[in-house]
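Below are the structure tokens for one structure; questions will follow.
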Amino acid sequence: MGLAGYLIVSAVMLACGIVCTVARKNVIYILMGIELILNAANLNLVAFSRFNGHLDGQVFAIFSIILAAAEAAVALAIVLNVFGLFDSIRPDDPDLLKE
Amino acid sequence: MPDITNPFWIRPELCLTAFACAALLVDLLFRESVLVGAFSLMGLLATGYFLLQQYGQTPPPGHVLGCVAVDRFATLFKLFAVGSLIFVVLFTLLGKRTRREGFSEFYFILLCAGLGAFFLASTYHLLMMFLGLELLSISSYVLTGYYKGNRRSGEAALKYVIFGAVASGVMLYGFTLIYGLTGSLDLLEISEKQLLRAQFEAGPSGYVPISIAVAMCFAGFAYKISIAPFHFWTPDVYEGAPTPVTTFLAVASKGSGFAAMLRFLSAGFLVDPNLPGNEAMMGYGVKIGHLVALLAAVTMTLGNLAALQQTNLKRMLAYSSIAHAGYILMGVATMNDEGFKSVLFYLVAYYFMNLGAFGAVIYFANTTSGEEIDDLRGLGWRAPVVGVTFIIFLVALVGLPPTSGFVGKYNLFVAAIRNGYQWLAVVAGLNTAISLFYYFRIAKAMYLRDPDEGRFKTVTPSPMLAGLLVLLAFGTLWFGIGPGVAQLQDYAAVSQTLTTR
Amino acid sequence: MNVASNLLSWITFFPLVGILAIMCLPSAQKQLIRLVAIVASAVPLGLSLYMWFWGFDGASERMQLIERAPWIQAGNFVVQYFVGVDGLSMPLVALTCLLLFIGVFASWNIERGLKGYFALLLLLEIGINGTFVSLDMFLFYVFWEIMLLPMYFLIGIWGGPRREYAAIKFFLYTLAGSVLMLVAIVAIYIITGRFNIQSYLDVNGNNVAGLLELARTKNINPQVLTANGMLLGLPFQDWIFWFFFIAFAIKVPVFPFHTWLPDAHVEAPTPISVILAGILLKLGGYGMLRIGFPIAPESFMKYRDFLAVLGTINIVYGAYVAMGQTDFKKLVAYSSVSHMGYVLLGAASMTDMGLKGATLQMFNHGTSSAMLFLIVGVLYDRAHHRDLNGFGGLMTQMPRYGGWTTLGFFAALGLPGLAGFWSEAMTLLGSFGPYPTLTIISGLGVLMTAAFLLWTIQRVFLGPLNPKYAKLPDISAREIFCQAPFAALCIVFGVAPAMLINILAPAVKSYLAMFPGLH
Amino acid sequence: METLFFILFAALAIAGSLATVWLRYVVHSAFALMAAFLGVAGLFILLGADFIAVSQVLIYVGGILILILFGIMLTPPDKKERSVKRVLGFGIPVFAIVGGLAFQIGSVVKWVEKPDLPIPGPTAAPIGRALLKPDGYLVPFELVSIVLLVALIGSVFIARRRTMQSIGATSQAIGGTSQAIGGTSQAIGRASSAPGGKS
């Protein structure tokens, strides 16, 4: 299977991720959308790396996976904290700041 | 081939890391927040010392230790980050709300954020750039939510993390496209081997994906420096975050974001007739410049119009910082080292005036526990040092002589006009006129109202804070009429290291 | 640090010493603060007198007392600290020093925020003097803007009831003008690569005409500047001309940009009105003659008829509106508008006589308008209002005040034997050649001025005494001390105008030589 | 055979991501997300990136997804959150744009590719070498440990409750976080200690 197939899969995942972050209001969904975007990027990296013969793409993918984990941990901690303060996890709901 | 075993060039980073980790241990031993703060300050000063040592030296070309570039451009921005961190730490120490709990975490994460800013500014490698950005961002999310019992702080952190994660994800995707198009993750290599040019010559099948990739990468940078349409988080986060953290976000974080953006753009899109390359590629750089100019115009206009309606001081400064990002983009839009030079100078000017403005805000928060502009009524009479220095910062933010804001803005205007962006200069001129109204609302509240009108009793600032403000005001004037203006020449050399290879 | 060799820098920056000293004093030490302010403004006055009588060669048409040093050198961004005076600016520098010195005395009864007040006043002095002496456009602009902020605060904090409105109006008008000026400066800089005003008035006194010459010496394509280089349908030079003109016209103020002036004057405290009318307005006229016109000579020659019309409108309209005023201060403010019209008319005439009249008028109006505002201030301090119809018969109650007022009014309306006569007469004589009709109309303005000033004397001093004011004390010694120098100048230069004209004449001669199409 | 597997994994990844966006309940979406992750892991294997595939399973499925599940358990269910109008309103234009671009990207664009590269062998060792080479990725490798430390300390600090009142499970969630991060670093450790890792 050539490069193109992988790129198309990745593009679809990117689209899903973007839609998930803008169209769903629950913060958990937004985080899942972000994970989809990152996965799409990883798929790109590994596919390019496979077809251009450099290892750099794979190394980047490793780092990106680790960073995704770190980011998710911090994001969920913040979500839990906000949930404790507001009893809501829709980002539109806490509205102190928009007055 | 640089001597990669020579630790001289990585010493500031090592120093900062060591002090950051040690800050956690100091807390275990002594449990005294002032001590941890002082310890971090010591670390920052040591780092700054190492950086100053580097600044005078001729750096090795290319990379040190694989991914790290230690050119003067990087050192300048590292100094910028360390300098602002020193003030952030001092502001934190002088601020009212120092908590019993979690201060060592605060300083640790603050120093790590500085480390992220360091690496973000000092790399040509996309992986390293992403890593630096993430370190800076993750630290900033935590710092924003530092008042975890406070709803505003929590909400600000939530907004920040969501916007940030989406933007950095999109940027990562853009990076992967660049990797796919060039086969390299190293911007230096991309630029030197003109890898993008090969793509470009293939016609639309080349430049359409390049455009998409660049646009996606811009999402990340734009979010970091709060350019439209990625600026929505700025006012909320600036208002909700603890004020010293806001200072950090407005100054150091934004500065490094610009550094990364300039490096990214210098990799293949420069409009420099002296560079080897074909005309089409240069034409493409010009087009990117047009796009940046458009973003600049939109950003500054949105920022200024929104700032007009604000009553909260921190929110107003947030919108003002958006507007300033727009002004700075004027220099970026030129896509040559003349513009980049003016960007560097403006950032230095911006450093002094914004740190000063936030320092004054911290004083108000300490004494009046209010952040509304109306709370400032008559304050200039009761706290003359803060009042007068604040006026100087405001004058600089408007861009009037004899301050650094004027010289900085002047050079941005000249760069824009000289490179065919007359319309942008006109837009920026109009925006400057608009900005006058809201900046002077502060001046009006402080001086034109009766001293007795204010709701709060004010006290004289601590001599330390007053000293800091005077120092920053001095810097604002130094780079406005003093010999500091000559730095412009120096920055021209610095930006040339970035653009001529 | 030789005072004699750096005379202009000492005059300009000495008030800085005063500012620093005042900042360090405790605010309770009011007398001490005033004393420091007096000293800080007296020293420049002394130095400027030294300059006038000994330091300056009045017969020479060259720039004198030149100080030149690199200030900013950053690649192609080169700015010099470049100062010097010629016959045009030297008297104005001296006048500034005198006005500020008197201004400090006139501020004696200000109690609130004394430290800030005097610090700002001295900062204002730095800005004004710096503007008059700078020969580098960038430096000129910096000083020009330095004036702006102190003025804003002086009106906004220490002014009358509508001070905020007046202050912001003043600020915005002036800033709008200076933005245009900045645009023009940037444009010139981009084309020529330098800011040097002296590059067309070079050190040896060889007059090089304006922008065109500036461009030719730098081998820049003159096409950009002449009729071929069009920008939105106007030659480039015209744009430069109009931008500078509007910037300075707002300051003068030229009709229709004058509306900030009455507000600012009415709300400003007396000493600030004095300085505003006495010297700040002159900056507009000075700027036109120093930069605005010579840098774009062809455009100036093209549009000068229009400028003459504007000058005439100023004279007549100012006098006409002044007639209708019942507020004493507003009346004086509009009379300033009228008087500044002569400067524009004389400058547009481009005759030796007319230009001498215009430059003379700048100086003379500085003294006479200062007197008028001081007179208004005396009355306002006592009666706490300025309504002309509320007074009457004060001559019997305040005879000495009445005498000073009459002298001031006569000086303003140009009575022969007083200084104002010479400047107005010379302006009108000079402009009669090129613009006979406009000159005749302007002559009407002279009549109207005389009419409303005499009518004012009648309303305030003659007729039955308003019983409310039966106990008003007469003018005090301090107030007389403030008036006396201006009165003396009016009389001295009225009797012996040649003293001043001889200084102005060489500058006017070299100014005229800068316009190639004139001969 | 390879094509068959590709279609299988690609379908899994695409269907999983579409379902993640579409499904009404967040738990369902989370499991759909797991399917997508596994599909991507399969694609990684097809691309010869065995080490990445394992990391994907370990960290994404074992770490991040568990974190998300904790997040779901600790927050209240929100049934009315999905708006079909919103999802379609954003989804259709985005898919139209991305679809058009994807077609172009797949067919026209000249990516940097060498057509007949053999499928690489086990990649753990070369990755480990690259990570520890001083002029390779050593600095990023060290830096990422700082990132993890910041994330660990930061998330513990933020999520730690001052009062012990509600939801004791928070600490467990944090446990999950550190597990995920621990898994990451173990993975890296394994990579570097792989044969030849120490150069």
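Letters A, B, C and D mark the chains in the order given here, with residues in each chain numbered from 1 onward.
Assume a residue touches a chain if its C-beta (ideal position, glycine included) is under 8 Å from a C-beta of that chain, and two chains touch if they have at least 3 such contacts.
Owing to the predicted nature of the structure, the values given are computational and were not obtained by experimental measurement.
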{"item": "Separation of subunit B from subunit A in steps, with touching chains one step apart", "value": "1"}
{"item": "Central chain (distance from its CA mean to the mean of all protein CA atoms)", "value": "B"}
{"item": "Chain pair, A-D or B-C, that carries the greater number of C-beta contacts", "value": "A-D"}
{"item": "Separation of mean Cα positions, subunit D and subunit C [Å, integer]", "value": "72"}
{"item": "Approximate Å spacing (C-alpha centroids) for the pair subunit A, subunit C", "value": "66"}
{"item": "Subunit A and subunit D, separation of their C-alpha mean positions in angstrom", "value": "8"}
{"item": "Separation of subunit B from subunit C, taking each centre as the mean of its C-alpha atoms, in whole Å", "value": "43"}
{"item": "Where subunit D touches two or more other chains at once, by residue number", "value": "101, 105, 111-112, 137, 140, 144, 147, 150-151, 154-155, 158"}
{"item": "Subunit B, residues touching no fewer than two other chains", "value": "127, 131, 134, 138, 141-142, 145, 148-149, 157, 180, 183"}
{"item": "In subunit A, residues with contacts to at least two other chains", "value": "7, 14, 17-18, 31, 33, 48, 52, 56, 59, 63, 67, 70-71, 74, 78-79, 81"}
{"item": "Chain-to-chain touches, reported pairwise for every pair that qualifies", "value": "A-B, A-D, B-C, B-D"}
{"item": "Contact set on subunit B toward subunit D in their complex", "value": "4-5, 10, 17, 20-21, 24, 63, 65-68, 101-102, 105, 108-109, 112, 115, 119, 125, 127-128, 131-132, 134-135, 138-139, 141-142, 145, 148-149, 157, 180-183, 195, 199, 202, 205-206, 208-209, 212"}
{"item": "Touching residues (chain side subunit A, partner subunit D) in the complex", "value": "1, 3-9, 11-20, 22-26, 28-29, 31-33, 35-36, 39, 42-43, 46-53, 55-56, 58-59, 61-63, 65-74, 76-81, 83-84, 87, 89-90"}
{"item": "Residue numbers on subunit D that touch subunit B, as the complex places them", "value": "101, 104-105, 108-112, 133-140, 143-144, 146-147, 149-151, 153-155, 157-158, 162"}
{"item": "Subunit B partner contacts - residues on subunit A that touch it in the complex", "value": "7, 14, 17-18, 21, 27, 30-31, 33-34, 37-38, 40-41, 44-45, 48, 52, 54, 56-57, 59-60, 63-64, 67, 70-71, 74-75, 78-79, 81-82, 85-86, 91, 94, 96-98"}
{"item": "Complex interface listing, subunit B residues touching subunit C", "value": "341, 381, 384, 391, 395, 400-402, 406-407, 410-411, 413-414, 417-418, 429, 432-433, 436, 440, 444, 447-448, 481, 485-489, 492"}
